[in-house]
Amino acid sequence: MAGKSGRSINNIPESPIKKLIFGWEGILILVFVGVNIFCKWFSEYYNMFNLLRQMPVYLAEVFLMLVMAFILVMGEIDISVGSTVCLAATLACIISNAGAPFPLVILATLAVGTCCGLVNAFILTRFPELPPMIVTLSTQIIFRGIAEIVLGSGGSVSVANTAGFKAISGKIGSVPYILFLVVLLAVVAGIILGRSTFGRKVYAIGTNRLAARYSGVAVEKIRFIIYTLMGTAAGLCALFMVASSYGANTTTGTGFEMDAIAMAVFGGISSTGGKGNMIGGFISAFIIVCLRIGLGQRNVNGQVILLIIGVLLIAAVALPNIFGSLRKAVKK
Amino acid sequence: MKKLLSVLLVALLVAGLMTSALAGTADGKKIALVGKSAGNAFFEIAAAAFKEAGEAEGATIDVVYPEEATADAQIKVLDNLISQQPDAICISANDFNALQAKLEEAMEAGIKVSSFDSAPNPASRQVFVNQAGTVAVGQALIDAVYDLAGGEGQWAILSATSQASNQNAWIAAMEEIAKDEKYAKLELVPIAYGDDEPQKSTDQTQALLDNYPDLKVICAPTTVGIMAAAKLVQDTEGCNVKITGLGLPSEMLEYTGEGKSCPYFYLWDMQLLGKLSAYATIALINGDITGAEGETFTVEGLGDFSITKADDGGTEIVQGLPLQFNQDNIEEMAKLY
Amino acid sequence: MKLKKLTGSREFLLFIIVIAMFAIVSIINPAFFSFKAVTDMLRNNAVTLVMALGMLGVMLVGGIDISITSTLALSGMAIGMLLKYGHIQSTLLCFLITMGIGTVCGALVGLLISRAGVPPIIASMGFMYIYRAMGYLISHGGEWASAAALGSFKNFGTDKLLGLSKVIWVIIACYVIFFIVMKWTRIGRQVYAVGSNAEAAEVSGIKVKNIKLMVHTVMGLLAGLAGSLQVAVYASAMPNMAQGGEMDVIAACVIGGVSMSGGRGSVVGALLGALIMAMIPKALPLLHIDALWQNMIKGVMILAVVVINVILQRIANRNALARREM
Amino acid sequence: MPESQYVLELKGITKIFPGVKALNRVQFQLRPGEVHALMGENGAGKSTFIKVITGVHKAEEGEMYLYGQKVDFKGPRDAQAAGIAAVYQHATSYPDLTVAENIFMGHEIIKHGIIQWRAMNEEANKLLKRMNADFSATAEMGTLSVAEQQIVEIAKALSTNAKIIILDEPTASLTKRESEELYRIVDQLREEGVSVIFISHRFEDMYRLASRVTVFRDSQYIGTYNVDEITNADLIKAMVGREISDLFPKPEVKIGKEMLKVEGLSRTGFFKDASFTVHAGEILGFTGLVGAGRTEVIESVCGITKPDAGRVYLEGKEIHVRKPKDAMDLGIVLLPEDRQKEGLLMSWGLGRNVTLPIMGKYAKGGLNDEKKEREISKQLLEDVDTKAVDIFQPASSLSGGNQQKVVVAKALGQEMKVVIMDEPTKGVDVGAKAEIYSIMGDLAKQGYAIILISSEMPEILGMADRIVVMCNGRITGVLDRGEATQEKILDLAMEKGSTTKGGAA
């Protein structure tokens, strides 16, 4: 029953490199270069050595972005991650202080994060009609609430045996371990999102959940996996947070969810679902990190830095739309 | 319209980039003063005095605030400072232990670390300028409670956040002193935390009033807390609860004095604290002191100060006794801070 | 028929919950069962109550706005600084200034969402940073304006009119206006129409973009008003005030039955939701629950309310299906 | 200026969308009190044309005259004010609002700026009564059936006292009986002096209602004819540009072994005790009124919804399908009813749409083999003769008929045993319809078991070997091809209580 008309349909794709350069990623690379030139000019302390030294605290949040990208691509959101980081970091300290060997502490921290993710995943898949925003808003309050209870009236805990945490914040030369880990995980996450059948299904869910379901995509299973992994990523982030402060307190991780979302969205991953890729998110994460470090080195007011990030974020989403409609108007 | 918007965005961005304080080249000593967070009037006063005193000595002072009042945000600030290699960092810590790793790194890099107002743990600092001895503050506060309650009855503590290290130290001191026979008839109800937010502090005060009808005194050793509590009590007709604690005179002006909700409260000389911290930090840089117990140094016009052992095991310089603010001096002091 | 419709409604269920919470707390602690306690509670939650109305409008068109407390801080800080440095004295002028600033802030968010096609969460997140930072900047990097600096303005928080705090009159006025506008005017129904089916609204001649711009502008206006109320009620203005409060407002709306996807929700629902949110922190200390447990219980309650609602909805659907003749 | 003989006249209308000329100098005349059919294949420009009339779109060129006066609508409100009302193809209702509000949206009854709810509800109830509707004006729109919503849409048009009413495919989702109701209403309108423009794919509608018909093809005006003077074949030729000799190419196929057997399947509130079988090479028709439970039964078989009771057997073995993927793995493939919402990801390229269900089969270690994907999707899309430039263009860029072909291609990629097509020709133009029937016939020849769900009587009678008729959630009869007639089917579809209850749920 081959086609009667014998009409041929082209199936040769555009060069992916061309797409990358002329797409949003190309702009991001330019911005990244621009930001670095600017920082170099702006701050006399901006150099590779200092950059690598200062980076680890920010990199911990990139772990969150890697999974948040999946959630945003699905057209959903998880605003509980900051609290998950807090709870996981708190329990990591307590477990460590209870005398557990460091590998066990690592496992336990990841497990705590995963459990928090599981809670979200369970509620969201059991009651798919609930909006993720409101579910994760309540778990945001709950997880931090638990951490507050565990921490008690002191509100903070510090690790007695810092050896393990010191080890993971170590360096090879001047490159911190965490940078290797971030790059490695970003490559893995990028391949899963961009190249695997799993990633394709995630895009399908974000584009049209109903059609995805009719096409045999196990929507709830995928959501379950991703929300759980979001928790695991928060656990990983918590581990490095503890490594930077040898402790945890009730404010650990506040606002991390917004930072992670900002990195992803600036990277072109639409919060409405179905769009964007890991390359964009990854470059934008480094743009934000470099900008923060560069401005911070000259003691620019923290609020001003947030203001600039706010403007960048809005510009990144609004400008393409504005140019698009301008172009349309010109064509007319 | 859309064009206008984009122009506006770009303009904002440029304006943002320009607002950094372009500090002069550090010929002399360079000192960074790290606050708990921006928007803390209490800290501003001390910082201004610190700056004035430091600059008078020829040092360059950068006052730096973290984005938020958290230890995490302070760690980022410290990272930035280590890159800048100032001669000293003077910090008011958001968390007792959390800054240890970074401050140790700073000290290893040859930066002197002093602290004031709220101390990081002993391992993270060389010296701490204590506004008033913890025990002295605790003693003053508990005596105020004892006095205002008439020697017996229920009293409450309205604190800031549960992890504020200075708050916890004072509360611990008060609880310790209250074990004395003299205070046996005072009954402390569970501690309330207002998180230094007006609304939460007001809610918590209201809850205390509702839950403990026999409450006689609320002691709030935090500026926002004492202000919220004093306002609520003053606005509540027929409420005889008295407020005391630690606060800023300019903010407590409305509520302090006879017939008002807060008969008197305490604070220390914030300007003196800033000034003393500046001199102590410069002394550290100059090598006049190292932060070891028993050392002394002289501040012109202020006298001699000695470094003593602190309750937490580190060393400190105690500035003096807490000052009382009452009917008689509040108007005058409110003009100062 | 009418009674049945009433008792079956979401608002009625919420009303029962509010009454039940009130009753339980009053039994445990009779101090709560008083006119004063209730008015105090309303006054202390004026900010959430007022902003819940704006959020209702925003959520009805399927949006969300997390920049509101930053707008509140910016506008409140603006009058705080103006009063402190003696540029203005008039209370009315203060209200006009905050509402003006709020309106501009809200309109900017609305423009970005309606004209530049930025998703509401992202647009408001960006402005959340921007307005908060601007609040800090106008406070000269962190000055406060405290009771003494606020002059006669702070009396607005304590003055009474006909035996009721002026702040509560403001709340009542807002709710009455909103109730009338949302139920009985064309513009109010257009908001529902846009949320229910934006495409259809466009076709039937409703300017969807303008409606979206309008709800965000109104949200800003109310956030500005809330800025005045916050400064008046607590007699202090600080750049970090109400940080994180936007989540309370959103939670109040959600508990009140406002759908996050738009089209569903009512002024009464928003009011009841905001009251429940106000009563949770009020009730817990009265029940002698340790302060440390408050947040967790609050979160669990929000989650419980939404989950129970879904379960009830499912049961209702199943029953409706079972009744169907076959 | 002389009094025009037309209430509405459009001349030389051109409408350009980015990259496409949606209308190319088309014209149209509407006489007072006539029902004028507007016909053409999907993508011919009918819907765009309607939107130009109602002021939703603004034409780049051309003029429009109302009662001989030149008009220039700035937006839908202007058109509404001028007495033009439209009922759109996709119901443009507000599911969360009441019927009365839906009817009066945009022209509420207002006194001193306050909406008069009581007056509005009364007025709405009057309109509903006029159309024999049996639901109240205070009912929530979302709880009504599609047919009921359609009635509300027409009431909405009437409520504006419109002199010109445009009906865009009003019968597409209506059953035969509901269509009759609609015909009656349109007749009534005509008698009241209202002019009606009627867009439809169904010739039945046109013959029954219209006095004249205008045909568009490929964005251009083809001609206007008197309905009683033009033959079926000529009209099709005008619409398609060629003749369609055999619309229903039902091949003679030897019916094979039993493939799918359903026993006592029930789902509370939707259907009860459904039992049927389908064999290899057989086309089993499923028909009944909208809401009779046809789609619901099939969705339970395919794992979209969960049945409360019943058993399903595939090739004699009992199967337990919990989610759509289970059904697909077993070879039960569904082509869903709503292409745009259920069938395709409209913003995705055609290729990816086609391979979405099957990519796991040729993936290597969980990673997509994109080269193979491109080859497979190209082959499948060419097999069904999709009119497309490349496999990367988004599905939304295709016409309805071609979209349906992509859905078919997507199914063909899977290892099928049973193919279920839910309203495969809904909203599809004549040309594409014939192609879809021919594919269906080919599939039967290849020995697949086919279930065809349809409301269109000719389609069911023309293609099905056996016809299952459902009514009110129950199977009321199974007819063989030989014995089935339109009357018999209608009898079974309207058994028992369903005659009294309008359209069921």
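For clarity, chains are labelled A, B, C and D in written order, and residue numbers in each chain start from 1.
Assume a contact is a pair of C-beta atoms (placed from the backbone, for glycine too) under 8 Å apart; a residue touches a chain by one contact, two chains touch by 3 or more.
All values derive from a computational prediction rather than experimental measurement.
J.: Identify the chains in contact with chain A as well as chain D, in label order.
T.: C
J.: Most remote chain relative to chain C, going by C-alpha centroids?
T.: D
J.: Any idea whether B-C or C-D has more C-beta pairs in contact?
T.: B-C
J.: Centroid from C-alpha atoms only, then distance chain B to chain C, rounded to Å. What do you get?
T.: Their C-alpha centroids are separated by 33 Å.
J.: Taking each chain's centre as the mean position of its Cα atoms, how many Å separate chain C from chain D?
T.: A distance of 43 Å separates the two centres.
J.: Calculate how many whole Å lie between the centre of chain B and the centre of chain D, each centre taken as the average of the chain's C-alpha atoms.
T.: Once rounded, the distance between the two centres reads 71 Å.
J.: How many angstrom between the C-alpha centroids of chain C and chain A?
T.: About 30 Å, centre to centre.
J.: Which positions in chain D touch two or more other chains at once?
T.: none
J.: Among all residues of chain A, which ones touch two or more of the remaining chains?
T.: Residues 148, 152-153, 301, 303-304, 306-307, 311, 314, 318, 322 of chain A touch two or more partner chains.
J.: Give me the residue numbers in chain B that touch at least two other chains, ranges are fine.
T.: Counting only residues that touch two or more other chains, chain B contributes 2, 5, 12, 19, 38, 65, 69, 162, 191.
J.: Report the complete set of touching chain pairs.
T.: A-B, A-C, A-D, B-C, C-D
J.: Which part of chain D faces chain C closely enough to touch in the complex?
T.: So the residues of chain D touching chain C come out as 54, 56, 75-77, 80, 86, 88, 92-97, 101, 105-106, 108, 110, 113-115, 117, 268-272, 472-474, 497, 505.
J.: For the complex, give me every residue of chain A touching chain D.
T.: 1-14, 191, 195-198, 200-201, 204, 207-208, 210-218, 274, 328, 331
J.: Tell me, which parts of chain B touch chain C in their complex?
T.: Going by the criterion above, the answer is residues 1-2, 5, 12, 19, 37-41, 43-44, 65, 69, 162, 190-193, 197-200, 202-204, 206-208, 210-211, 213, 224, 227-228, 231, 235-236, 248, 250-251, 253-255, 334.
J.: For a test of understanding, state which residues of chain A touch chain B in their complex under the given definition.
T.: 38, 42, 45, 50, 53-54, 57-58, 148, 151-156, 158, 162, 169, 241, 244-255, 292-293, 295-308, 311-312, 314-315, 318-319, 322, 325-326
J.: Which positions of chain C touch chain B when the two form their complex?
T.: Touching chain B: residues 29, 31-32, 37, 40, 44, 47, 111-112, 115-116, 130, 136-137, 139, 141-144, 146-149, 157-158, 230, 233-236, 238-243, 245, 281-282, 285-286, 288, 290-292 of chain C.
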